[in-house]
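My questions will all concern the structure given below.
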Amino acid sequence: MSKPPKPLVSVKDAQLHYRVGSAFSAMRGHSSVVKAVDGVTFEIQKGESVGLLGESGCGKTSMGRLLLKLEEATGGEIQFAGDALSGLKGPALKRYRAKAQLIFQNPFEAVNPRFTIRATLAEPLENAGIPAAEREGRIIEALELVRLPQPQQYLDRYPHQLSGGQLQRVVMARALILQPDFVVADEPVSMLDVSVRAGVLNVFRDVRDRLNLTAIYISHDLALVRYVCERTIVMYLGRIMEDGPTEDIVREPLHPYTKALVAAVPVPHPDQSHDPLPIGRGAPDPRNPPSGCVFRDRCPLAFDRCAKEAPALRPAGSRKVACHLF
Amino acid sequence: GDQIRTIDLFTRPQAAQPQEFQSIQLIAQEWRKLGLDVNVRVMPWEQMSDVVWYQRDNWDATAWQMVGRPERSDPDEIVFNLFHSTTADKGYNFIGYLNPEYDTVVEAERVEIDEAKRKELIDKAQEILAADQPNMMLVHPKQTFAFDKTVWDPASVVEQSGIGIRNTWTFMSLTPVGEQKDIILNSGDNVQAINPLYISGGVDSWVFELVYDRLVRVGPDGLPKAWAAESYEWKDDKTIAVTLREGMKWHDGEPVTPEDVKFSFETAVSGEAPMYAPFATNIENIAIDGSTITFTLKQPAASFVTSSLAKINLIPKHVWEPIIADLKTKEENAESYQEETPIGSGPFRFERWLTNEEIVLSANKDHFNAPKAERWILRIVPNVEAALGMLRSGEINFLAEFSGDPQVLLQAAEQDGDLETVSTVEMGFRYVAFNNRRPPFDDPAFRRALSTAVDRRLIVKAAYRGYAEPSNSVVSPALGFWHNEAVVEGFEAGHDVAVKILEDAGYTLEGDRLHYPGDQKETLAE
Amino acid sequence: MTETLLSVRDLKVSYQVGKGSIDAVDGASFDVPRGSIVGLVGESGCGKTTVARALTRVIADNASITGGQILFDGQDIAALPEREMNALRWRDIAFIPQSAMNSLDPVYTVEYQLNEVLRRRGGLGRRQARARCEELFEMVGIEAGRLGDYPHQFSGGMRQRVAIALALALNPKLVIADEPVTALDVIVQRQILDQLRELQSMLGISVILVTHDISVVAYVCDRTVVMYAGRIAEAGPMDAVLMEPSHPYTMGLRNAFPDLKGAASGVLTPIEGAPPNLAFPPPGCRFAPRCPFAVETCTTQQPALGMVAPDHRVSCHRADEAVKLRQEAARTETWLADA
Amino acid sequence: MLDTTLPRPGFVARFFRSLRLPLNDPFAVAGLTIYAIFILTAIFADAIAPYDPTEILYTPDYDLAADLRPGEDGFILGTTSLGRDIFSQIVYGTRSALLIGLTAAFMVALIGSIVGLVSGYFGGWVDALLMRLADVAFGIPFLPFVIVLAAFLEPSIWNVVIAMALVLWRDTGRVIRSQVLTLRSRSYVDAARVSGSSDFKIILRHIAPNILPLSFLYGSIAIGWAILTEASISFLGFGDPQSISWGYMLQDAFASQALAKQAYYWFVPPGVCIILVVSAGFFITRGYENLLFPKLGR
Amino acid sequence: MSHLKAMASRALQLALVLWAVVTILFLMFRLMPGNPMAAYIDPTFTVEQQEALMAQFGLDKPLWEQYLIYLGNLLQGELGQSFRYREPVAERLMTLLPNTLILTFSSLIVAYTFGILAGAYLAWRRGSVVENTAIPLVLTTRAMPEFWLGMVLLAVFSFWLGWFPAGGTRPAGASYDSLWALYTSREFLSYLALPALTLAIYSQGLPLLLMRSNMLDVMKEDFVTMARIKGLSNWSVVVRHAARNALLPVMTSFAIAVGYQLQGNVVVESVFSWPGLGRELVNAVSASDYPLAQGAFLMIAVVVILMNLIADLLYSLLDPRISHA
């Protein structure tokens, strides 16, 4: 498969291992390492938007944090526009901060409750050295971009005086105010009510297209990912299971895990399949992942080799799959 | 001259020494009226004595005290050790008082066996001190003790001159009137050690004076009285013959022999009991002939009977000989040796000691002066209020220490009805020591002025609630024979007197502050 | 229509806040037929939990049931003396809370907590209780060997299963499940829902399933009750409500949901605005401020819960125009125009 | 700094606002009122007190004015056994009590906050080192430490303050550290980092304001501790007789045998003052707790 | 493997903390003014005696050498010789430690029993008149200086009512076969009553307030609501579920309170003539008896450190979320 020569983001075998457990659990030998991200490799082209999909705890947020250098990778390499993130310091880091942004899951947590909307939005401008006189204009501009009508009225309000949907737009505005190239959105609508979700998603799609943003959209809901992203990466226990065009994945999932995932998504129609899911019960334990393929203990198709050997992420048609069956 | 620097005046904490503390507050206020800047510094005894004793050039004035002890019934220890030039460097003359005339007088007093002549010398010494005022004598406190008269027959209580009713004689003669036959008394201080070869805290001596006998004891009248000795007799001014009492027994049943006596005195100078050494160094030889023990001295010593024969505890040779031999090979000496059960020959036997709580002695019925009480129980009660409460509730029946206000005690006794109190003028005294080394205290006129500035009667009234005698002599009126009445009577006090002395000596007041006479510079201001 | 187990009539619940009060549930009426699953949907804060808790009569300290009737098996339990109500709890009406983590006492083993119900409330002996525990665990698909574990030793999905086991312990007639799957992943959610459905049909119990996700309703429920701002917007058989919604709010909800089965190019349409502040509700229809079809009467007059089809009730002044509105509502512009 | 185009409340006003005084809790208001009264008394002590608290007074007939009962010879609360005016002592005692209490509180809050902030925010070896230091401080029994310090330096009311600064930052430090840990994991801190704010700026802007009430809470606990400790130290005889404090008055009363003399007027007023000030601190603290951890309160 | 390593690192940590405390103590006392010799000052005190004493106490050696000797002795469990009492510090302190511990524990047990019950009750009755009057009262008890409280109790119950003796641990001259016999005797209880009551009154506030606020906290937890929905009795809900959970942090605060209490004892032991560590420490400090003061301080510090450790352990034992991780 041929690829355009220069990806904007390139992740090679990235790892993020957390050391967990207190002194006491350590005493009983429970001290352990959580491999939140364990050997993840992918590339994102400029202007592409990629969905990061997987169940809770599979390492989606961790991956996002790595990409934004909020967390230092414990292994592997991540490059942004050809520069390794691990080497960024001082002014270079500051420049990167202006180019890569994050949209948070819970808007109520993502803004300082003591800051007015104006102060919240002024912070990145201030850090980027935008003169005070220009800031107001930029703030209004950003709020208009996220379709917050009559932005002026919100400037002196405190976060709790806004609804969730409005606040999430503010969070988006903050991420966009410095006109970044790259945005990571971590489940930006999961805390919002259904009736307002659509609005935020629409704004996201819209802005992405208008600014030609490169974006990663993190979610556990395939329906949402499908709405926003043309490509999807499916993660399980810190690894990539499948990576390919969203429509292909929705239509014909290859990896057994993806199959279950697609089958499990509920639809708002009375007529739908009630067949049991093709996946075992139980939850993945990130502290003691199974040997070989991490999914094998829940996989209905697992065979001997799965226990011995971790499958590599290999091309399979339009996409890549990490499964011995492909 | 220069303005006189701020004078530091030390005192102990109010909680520990309320009267001293209050006296010092009053004195400081009077001195300030003279134009001095006085800084009262409160510190615990150990810190205070560290400065006063080991940093002799480093202080100005401090409250100090001498307590009454039976051995001090002879004035020699006080008049010599406190003021003689030989003790100025590292001894008890920490004030640095240097007066050759005084030195000669007290050197003569030491070796004068003739009482009348010695009395003259002692009087003279008191006069010199009164004139020089190396210290500012304050008061001889009255010791007030109390007991429960429903438990003890008041007639059996003995008042020892200069000491009070809390004394060995009382403990031996207290006669129960009812069921309670235990003497239960209090002390605010912990007992440190019960060791006949170690002079530790004051309370400790209450205990070992009962457990151990001495050849001589100072009697209730302040005069030495043969005790374990049947009798003693000066053969010449360097030889004294002592006859040991017959039939005495150690608490373990062994007989008390002249060998034991000899051993006791020899141990004092053996190097293993440094604190007792000074009391036996003057002995050249001890000879035994039957039950007679003959001490030959290196020099004549007027106070030998009181300060040596009545001081050295008699200890059993069979117990201590191996201990001393063992200690010779070690770094420690006998002072840090604590017997499991101290064995003496005294009127009380040691029973039990609970750290910081109580000590129990039981009557030695075999003693030649067997006590009437059954047990002697010392309770450690650091809280004065509690001690008084305990006396009233019967938890103790003899108040052996009371650092509080005597009026309170009297009032309590009156209310209670069962209590009797006895106040005795102490042979000890309270004073303010001046550092004679440092200006302006090197000037006798200045010292005199400070001393006269304070009306002792005010101190007696305000700090001691009337329970003290104003003092101007280190020899207490309690030692009737040695006390020089004239020095006290001739003492004039008052602000005006003090101002006049200062003016006469050339001190000037500028602004509100006192300045040195002439062109004298202040050399010690920081 | 099957026999009704529970009939809620004009229920009113209000919360005392400071000096004022919030009518969190303001005249809710709906029925729960025997042996059916009824979905209670609505967005956050519309009063779903308040209704669910009111049915158990264990409500917040500052809450009070200010009106209406709760007819359970013909008996008005809203008026029942506390002691009799307590006797009814769990034996007849059980509850599955949203977060099983917080609803299981962390310091006792799961077995202890099952036993507590079985023996104290069910009067079972030690042996019988043990057998029942094992039976229940088998029912919800957990090995009996894990009975002695503490709640924190289970994963989220398993804890939810434990909560289901606990709810079924005394064979209740009605199980109220307050958002039992909201905190769970899609796969686990699906598994739990399958389980719930299976057990419900096996035991023939009735279930009230509180959720804000109409997909969940679509997946398991027989009937749907849609709430909006403390009132019932629409109630009826599940397919009728979902496929032929008669209330503009329900129509809007349908538009706002992404659909994996639908066309890829579909556009989601939000309902602009936010639910009203319940302390100061709008005078007329509570949805009127966000409703693209609102007319004069809507802002002044409260609509009544009227019948649009047998067993299908809607509280909308324009309920009779439902078919027309439905067509209009399918167009995105309808909803944007009103922004 | 943030935005200069809009009028902003003055620094003082902002400071008080950020303390979030619990003005809706009746207890806390009572506490604040008590504080206010004592603070005023301390400030105007010279004007209020009729005498110097250490001056030994005499009656008109030149007798020592000792042991006078309240009201006698015009001494409002009577005199001590050394003839000092109790009312004046109470008034001046306010000064030292507040001086000790407030400085100790300030030190404890300041040091504890800095340690907590640095430790919690930066983590790693700085955290490890500071927390081991806290362990050591936890291993040092406080009252004995003050006694030793009082013996080490001279008796002075500042010993208590120094000891508290040296030892008691540990509680504040630990609590604030854990608070910082949770604050640090808030998304808005990440947001600030992503938007390019420096660590220092984040601590100052986003974290410090949030722990301010907590520092204040620990500060007000420290006020009580300091005053009580000073009293205990005085009682044990390690106090400073030069500066009259309530603790000193209590020990003076007991040294003068107030109980046996039934001189309640010696120890009731200072005792009541201590109880008032310390309880006031507790009341405020509780108001804060209700505010900071609202689920605790009712 | 990692098990052993973790244990070792924990032990090392503890040892480091102890070493730091020991070193601080050593320096503090050595640099303190005052001189142990002061206890011997007497008109008959000679120069030779002074020098002999200095040598005997090792005070003539340089500081670092004294420090090494001190550390060496400590490692062998020796705390040195008391200057004042001329006896081994360890021996002396060991006779006092049981008294202090029994006072501490008995008062804390009373305080915690009362505090927990009252705290739970007040949480249950929140908003009532009882609660509104009780809370300020409790806060006031914590605001009273302990010695003040002690003296007042002494005046009332001992001097005035005569119900309890005024000081000590036993009747004068009474002897017991063993410490155990003493501690289990009725007389001992009457001696223990007042000091323990003083400490208990002072310390009940902490468990009470803690219990109360924990209860209020826990009562809002879902599992308590669930217990209600399950139709369990009030008793079950409040005691089995709410109180049991609220108790956890209170129990661990017990261990830490022991540490605090040991410090507070200093004052109460002086008021009630209780032969304990605290009083000894105060005496030793004012007597510049370094070895004794150091020893007493160290002993208290060790108990405090141990108690902190026990608090940690206790929590992990009592809370299944930690113990069954």
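Labels A, B, C, D and E are assigned to the chains in the order they are written; within every chain, residues are numbered from 1.
Operating definition for what follows: a contact is a pair of C-beta atoms (placed from the backbone, for glycine too) under 8 Å apart; a residue touches a chain by one contact, two chains touch by 3 or more.
Not measured: the values here are computed from a predicted model.
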- prompt: Along touching chains only, what is the step distance from subunit B to subunit D?
  reply: 1
Task: Select the chain at the greatest separation from subunit A, using centres from the mean of Cα atoms.
output: B
Gap in Å, rounded to a whole number, between the CA centres of subunit C and subunit A: 31
Field: Intercentroid distance (Cα basis), subunit E paired with subunit A, Å
entry: 53
Query: If you average the CA atoms of subunit B and of subunit E, how far apart do the two points sit, in angstrom?
result: 39
Chain centre separation (subunit A, subunit B; CA means) in Å: 88
Statement: Listed in rising order, subunit D residues that touch 2 or more other chains are 151, 235-238, 254, 259
Query: At which residue positions does subunit B touch at least two other chains?
result: 44, 47, 385, 389
- request: Specify, in ascending order, the residues of subunit E that touch 2 or more different other chains.
  value: 33-34, 151, 154-155, 159, 270, 286, 288, 325
In the complex with subunit D, residue positions of subunit E that touch it: 13, 16-18, 20-21, 24, 28-29, 31-34, 126-127, 135-136, 139-140, 142-148, 151, 154-155, 159, 213, 216-217, 220, 259-260, 262-264, 266-267, 270, 278, 281-282, 285-286, 288, 293, 296-297, 300-301, 304-305, 308
Message: Taking the touch rule as given, give the residues of subunit D at its contact with subunit E in the complex, in rising order.
response: 27, 132, 135-136, 138-145, 147-148, 151-152, 224, 228, 231-232, 235-238, 247, 250, 254, 259, 267, 271, 274-279, 282-283, 286, 289, 293, 295-298
Query: Across the complex, what residues on subunit B touch subunit E?
result: 44-51, 53-54, 66, 77-78, 81-82, 87, 89-92, 182, 184, 190, 192-193, 195, 198-201, 274-275, 277-279, 331-333, 335-336, 338, 352, 354-358, 360, 375, 377, 379-383, 385-386, 389-390, 392-393, 395-396
Task: Sort out for me which residues of subunit A touch subunit C in the complex.
output: 55-56, 149, 163, 165, 193-202, 220-224, 226-227, 247, 250, 260-270, 272, 274, 276-277, 279, 281-283, 285
Query: Across the complex, what residues on subunit C touch subunit E?
result: 56, 58, 86-91, 95, 97, 99, 102-107, 109, 116-117, 120-121, 149-150, 152-153
